[in-house]
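For reference, the structures are reproduced in the following blocks.
In the two complexes below, subunit A is the common chain; its partner is subunit B in one and subunit C in the other.
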Partner chain A sequence: MLSTLLLKELKLEFRTKETVLSMLLLGTVLSFLFSISIENLKQEFVVIYFWIIIFMISSLGLYRSYQNEKNLDSFNMMISSPVDPSIIFISKVVSFFIQIFIVELFLFPIIVLFFKVNFEISYGVFFLTLATNWYISALGNIIGGMTLRSNRNEMIIPILLFPFSAPILLAIIRATTGVINNYSFYDFSNWVFIIIASAIVIFILGIWAYYDIIKE
Partner chain B sequence: MTSLKNRETFLDNRFNNLIFWLAISFSFINILLIVTSSSSLIDLYGKENYARWIFYYHVPIAWNAGLCFILAGINSFLYIKTNKIKYDFKALSFAELGTLFGILILITGSLWAKSEWGVYWSWEARLTTTLILVLIYFGYFMIQKYGGAYEKTSINRAYISLMSTIMIPIIYYSVQFFKDEFQSHPSNGSYFVYGGLQIFFFSLLSFSLLLIFLHKYRIFYLNKKKEFLK
Partner chain C sequence: MLVINNLKKSFNFNPILSDVSLNVNEGEVIQISGFNGSGKSTLLKIIAGVLRPEGGEVSIFNRNLLSRDCSSKEHIIYWAHQPMIYPNLTTYENIEFFLKIRNQTIPQDIDLILDEVNLLHLKDTQCDKFSQGMFQRFNLLRFIVSNWSVGLMDEPFSGLDIDGEGLLLKKIEYWKHKNRSLIIVSHNNDRLKKICSHNYQIKNKSLVKI
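After this line comes the complex of A and B, so read on.
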């Protein structure tokens, strides 16, 4: 069942590619603006701006994802079908996780190019990126579900997503800076712990709460 | 039409009346005590400093705001579990008061920071945590206002409140260690001179009474609204 729902989400997206493309375009424009407005860039700034841009464009992607469900009224049909709502939640989280990862794959070289710095991706950075993407995806789908019955979801998603993401933004910036500067793991293990713990807690909360959030 | 017959005001209840007058009089005495007492003027370095007065407002407000946020989270959890509307009203009232007191923390904290450190905002950990919580609760009120029908928004609000309560330790932990080269919060306890401690606890008591009064008042009018909706 999970694979069917996941396939449906991904097919819906990659038939038109509108969400991924618009996220990528907005990310490119934002990184262009950030890079021309600041001189004397350091390597840390790439990390900071990269994650700020990712949080901004993910609110756009979530809005598109739930707007599609609302426009076609398909969500009511899906929750009236005999499927466990937590499976719907997991499929949406995995789908958005894949989308945002694809966007990052294309956006990262653009940012490195614009900011004119040398940046090598290690396994640590890769793993931290995946964990943070999982957090954004789980949190964003909880918040997106909340806005499903609202007419103002374009406002509510960023207003709720950014404050909840603030601690994770701090943690990922510190942890990534620690990895690329070759600090010992002990120096930034707290931040890695915060990211992983938040991702797990929010994901479990979403599985538990998703039916209450989306039901009519 | 039943609601129109019910002309009972908040102060008709004897307990509410008592709480109202106690809160008013204690707050008034509190101001007089703080302003007239000379021991409340001594700052952390043993000098006289008028900005020290803000301490006797800032810390009691902060303790009450923390209590409000925790109680909002607990009542939201109970609402999710039992689906009884009284818990939702309590959670909503505590969330509103927590946000109000949170904004007051930010204002009084900035004023105190200006006198102690020379800047209004220095990314101190507890103020930053409060700021993030207040921003989350602004989203909470956005959901309440624009989230759709009442039955939907109430459950969504409850989950946001629960999530913010879960995130409080994580937010505090992360902001405390993020800006470690910046300002640290002055520790409390060891800086009281004679008389200051009593004034502080009186202030705490008066703000707690104010909190109880405001909470009772809000619950009373939410219940009235519920009767009217029937």
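After this line comes the complex of A and C, so read on.
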């Protein structure tokens, strides 16, 4: 069942590429605007900008994803079928996780180019990026589920996503800065644990609560 | 088979349904009518598991349809007012996905069925350009290809042409003959009235037999 739902999510996205392209376009525009507004930025600030951009474009991607479900009431077809809502949630988390990762793959060189900085992508940065993407995807889909019964999802997603993401945004900025500056792991390990624990907790919360979230 | 007991539903503290009860036996076709906004579609949405009631019970074959265990929904099929279709998938992909999430497989004679509902020429076409009538034909296709015990239809005749209406009525008679049950929300349709086992109206937030 999970593979059927995941395949549907990915097929819908990669047929139109609407979500990925709109996220990438917004990310590029924001990177350009940030890069021309301040010159000679330190690496640490570029990290801050990178993650702020990722959180901003995620809210756009989630809005598009849930708008597709609402357009012709397609989501009601799934919840009126014998499908466990937890499986729907997992498929949506995995699908959005893949989409953010693809956007980051293209956006990263654009940011390096615009900000004129040199980054070495270590395993540590790669792992932290994946963990944060998982958190954004799980939290975003919980919030997206809430918007299914609302006509204001373009407002609700950013209004709820940003405050709930703020601690993780802080943690990923601190942890990434620690990795790229080769600090001792003990100096930033608390931030890494916060990211991992939050990603796990929010994912389990979504699996448990999605049934109640999506029903009016 | 399908038992509804004392169902209650409100929107923003405005009661829409109160103490709605209904028993549907095998092979019964029940028509529900009522004024706009009387709660007909809300009742179907609750039975289909799309909406959550404030009180009451809905069960099928003695299994609670309102519980977290979704497996009992395999007996129910829902024809909503909206098409519940993915516009960027083709007709075939949509029906394949619909059957897969119901743990069913696409029948071998799918082309014949598509031809019967006049959608064969749109088999590999994305559904984003469908008209209301085509969406209704797609809903009919769902009912034909899948296994179910109780069908819920919300205004199934709206948007259908005369051929489609005739085909749907023929199918309703066929399903009744096959001991499948249907709850149909529809306004005045004289031919449907003749097929129906019982006619109900939603009056004062409750179901009244007419």
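What we mean here is this: the second predicted complex is superposed on the first by the 215 of 216 C-alpha atoms of A that agree within 3 Å, B and C clash if a C-alpha of one lies under 4 Å from a C-alpha of the other, contacts with A are read in each partner's own complex, and residues count from 1 in each chain.
Please note the rule applied: a contact is a pair of C-beta atoms (placed from the backbone, for glycine too) under 8 Å apart; a residue touches a chain by one contact, two chains touch by 3 or more.
Given the structure is predicted, the values throughout are model-derived calculations rather than measurements.
Engineer: Regarding the shared-chain residue A:S31, is it in contact with subunit B (first), subunit C (second), both, or neither?
Structural biologist: neither
Engineer: Who does A:P167 touch here: subunit B (first), subunit C (second), both, or neither?
Structural biologist: The first partner, subunit B, only.
Engineer: A:S81 contacts which: subunit B (first), subunit C (second), both, neither?
Structural biologist: Second partner only, subunit C.
Engineer: Now for A:R15: first (subunit B), second (subunit C), both, or neither, which partner does it touch?
Structural biologist: In the superposition, A:R15 contacts subunit C only.
Engineer: Quick one: classify A:S59 as touching subunit B (first), subunit C (second), both or neither.
Structural biologist: neither
Engineer: Would you please give the residues of subunit A that touch subunit B in one complex and also touch subunit C in the other complex?
Structural biologist: 216
Engineer: What residues of subunit A sit close enough to touch subunit B in their complex?
Structural biologist: 142, 146-147, 149-152, 155-156, 159-160, 162-164, 166-168, 170-171, 174, 190-191, 194, 197-198, 201-202, 205, 209, 212-213, 216
Engineer: Which stretch or stretches of subunit B touch subunit A in the complex?
Structural biologist: 80, 132, 135-136, 138-139, 142-143, 146-149, 152, 155-156, 159-160, 162-164, 166-167, 170-171, 173-175, 177-178
Engineer: Can you tell me which positions in subunit C touch subunit A when the two form their complex?
Structural biologist: 45, 48-52, 68, 70-74, 76, 78, 80, 82-89, 93, 97-98, 100-103, 135
Engineer: Within the complex, which stretch of subunit A touches subunit C?
Structural biologist: Spelled out, the residues of subunit A in touch with subunit C are 1, 4-5, 8, 11-12, 15-16, 68, 71-74, 76-85, 211, 215-216.
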